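Report on one structure; see the data block that follows.
Per-chain numbering from 1; labels A, B, C, D and E assigned in written order.
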């Protein structure tokens, strides 16, 4: 299973590296979305720094949706499914691999977005840095959940538009937990209970994924 | 040109009607995003109603991106391009038709989202209704601009992720103008200068589209 | 009384992603003729057809098709006069067979009454209300033929027209080609299977992105 | 000494979107044989192959392939033993030819050293670093064959294997089929062109989603 | 004449830059309120002028020239591309120098002000332009699409400008010139400011030319590679 995971993660990351979709498209989109959500709330400064974590996670969510789409699109080129299905890869491994690749991508983007938040939404630098561990955890959980939801929307009609509908309710708790621990970090508090939630969610999604990914892949 | 526009708009709307992607996927996504952004900003009610217009337009923007993707995906199935290219449709008409279909779709979704805003973000009902004309105008401008940006990202690598990068900066003024006139309507003011911006943008996008859509379609 | 050629290429080069898919093709196609392009996999047959249809731009050399200069002219004018049958289906997958043809009719200002006979001729009458997405490979090909029947373009570009068709379909195609060439259209088809039509025809052999033999 | 059959279907029905693409197929495939499925466009050939490969679920009737029950068993086990050559290419378009095969090798625990000979055999040695997206239709087919060569599965399901291949490619395929059947694999191919291999074979004729003749 | 101008561009740029630095850092006095920080006035406005008007303007005009069939040429496309890339650099510099200046004066690195926001959006438009170029590899299509995008962006710039202007404002208004173009600051400082504009404009021309030549060189190399590829492709058919 681990070997399969490494194989699949390597393949996904290599395809990303080839196409540079992340660097040239998703990252600018994220920055833009930050700027825009700053704009949407109007120009008062105070409003921004308190709303910072919420907006940051909203943008993270959008970026995650894009990244999941991309991660699934790779597998969905006509005919790819049939051939890859006949390779008989361990589904748990495939799940772990795709989730890992997605997590790596999200970590990179998350770092950029965090810098953007400090710049554009005036969140305190030190507090933002303290939020990094919780961010890493949340993004990993989003990656695991996202891979699952991505597979769920699978080959149905218009998967790109179906995904958000399924994923958003599932992401909501992660979003809230992330936002809370970011806010707590900014306020200097210790947000361990939110960490627990995120960790539980991560473990749960990983477990469900390893166990049930095979069921989803059955087309 | 008008005949082509009607033909293309009819085709797009019929495909939407068949696949119900809008109804079953985009609308729930929008509502979900409204609820989530309410959550992201924390539960104070006062905060919501003042941030209401901003959040509403943020969600409108996301939904617009999805709808544009869908509108372009229809044309991008392998081989479709070549055949449709050989029909020699007038490009200005194609542009107008696709923009019209997109506008109709956005109007429908916009109505639902406006109701959602009143419900979940507690914006005043009467003010929200007064914002309808500006909303109609803004959505039309978004549709025109979106059709252009959608064609720009055309057949390149990973169009779904490139689109937001190109479109968001262009959408920013529309977003601001829409948000301002919504806020003004809630406050009982008359936001004519924002209407001017929206109208200018709409006309500019329509003109550019009719003139240059053909250039973009050349593959 | 020499009619001007339908297409004339001179050392035409087409680059995609920096690779010369066509590496200097010189040819001349007369009106109302059938030309078959043969050659190994990757020789450049599809690329040549795309160039002739104005679907890909000319990178070097000269080319004129149906009076349109491929390098500087408005290729859209050319495309309007071309019928294309590609490797892949070419329709809106979410529309039914019939709706796709109605779309084509309205785009071309043809009456809807052309649709039913075309469908009957290609044997899709019973599938007229089926969503295009659900068609089998050969049925998609047949739909593409019906589309061409409705269009009746001046220049027919067929990329491996026999692929996926059953015997009846191939016979139908042969018959059709005889018809349209007799009616003055110019047909260019790539093929691995020998064309079985008795039509007089020219064969061009491609290799390495160039014409290496003509007969 | 009668070996158990590789596949056995009894009144197998497959529904897609409510339409019976297979309307009750009964058949038996012996190991180390070559079976050709023929039939008009839309007869159900592709659907039958997909059913045999465990790619589509069985809606009614019974079916066992390679010891896996199609209705209740774990079709994934079956898929692992099947090699599939479909209408469309079947690779990661953004990876190079070679990288795609390396991926397959690692997935199947085969050494990378299998890749170069397979590529040479299908004539893609010079394209090993080309992005798969750029390949011509026939080259994609050849890549699919190389993939199968690396895999060497027990059951080969080939959907119109000759389509898009040039003469050399078809000869190669014929040769390959002789090889693998001799080595004990079971091959099922759908075809419109007559298969030219001299291998002994059975032919099943499909029509309207049922087997109407067998020889 | 042309040659002379080309030869002189580099040295003149260097001299005027050196002059700006010398005047700005040594000769002019520090500001009463802002102290030495005020010296950013010799960098930031000039950089912003180059970013917004000179280079973005060049890119736009070149794109329009490309779209107009009569003036369509590979040169116009190359100029547009080069100018947009240089523009991105200068927009980044504007944002950086502005942020550095904003931190002590306004107390924040960034504020949601009209000019700042529109500058940031402009930067994203430039990034979008470059991303669009990367996503297409057919030269003709790429040129057309990016030209259309540049034109769209240019239309957007005034729209964005007005929309954020009516929003709220924090940024420095007209400090250097009033509406009727009378100079508000005097003497050596005004001269230094003027020279800084000249220096950065020259630097822009120099960069643009270098970038353009790089592009030409790249294309020449590309053409040679194409000749090789053509030869290889023809050989493929012989074997």
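Assume a contact is a pair of C-beta atoms (placed from the backbone, for glycine too) under 8 Å apart; a residue touches a chain by one contact, two chains touch by 3 or more.
Predicted model only: the values in this text are computed from it and were never measured.
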Which neighbours does chain B have in common with chain D?
A, C
Which two chains have the most C-beta pairs in contact?
A-B
Suppose chain centres are the mean of their C-alpha atoms. Which chain sits farthest from chain E?
D
Nearest whole angstrom, what separates the Cα centre of chain A from the Cα centre of chain E?
35
How many angstrom lie between the centres of chain D and chain E, each centre taken as the mean Cα position?
58
How many angstrom between the C-alpha centroids of chain D and chain C?
30
Which parts of chain D, given as residue numbers and ranges, touch two or more other chains?
87
Considering chain E alone, which of its residues make contact with at least two other chains?
121, 124, 127-128, 131, 135, 138, 140-141, 167, 236
Sites on chain B at which at least two other chains make contact:
19, 78, 157-158, 162, 165, 168-169, 172, 176, 218-219
Chains touch in the following pairs A-B, A-D, A-E, B-C, B-E, C-D, C-E
Chain B-touching residues of chain C, taken from the complex the two chains share
50, 53, 55-56, 75-77, 79-84, 86-95, 99, 103-104, 106-108, 131, 144, 147, 151, 153
Chain E to chain C touching residues, read off their complex:
137-138, 140-141, 222, 225-226, 229-230, 233-238
Contacts from chain B onto chain A in the complex sit at residues 19, 21, 24-26, 28-29, 32-33, 36-37, 39-42, 51, 54-55, 57-58, 61-62, 66, 69-70, 73, 78, 157-158, 160-162, 164-165, 168-169, 171-172, 175-176, 179
Counting only contacts in the complex, chain B reaches chain E at residues 148-149, 152-154, 156-159, 162, 165-166, 168-170, 172-173, 176-177, 180, 193-194, 197, 200-201, 204-205, 208, 212, 215-216, 218-219
Residue numbers on chain D that touch chain C, as the complex places them:
16-17, 19, 39-42, 46, 87, 123, 127, 131, 134-139, 141-142, 160, 163-170, 192-193
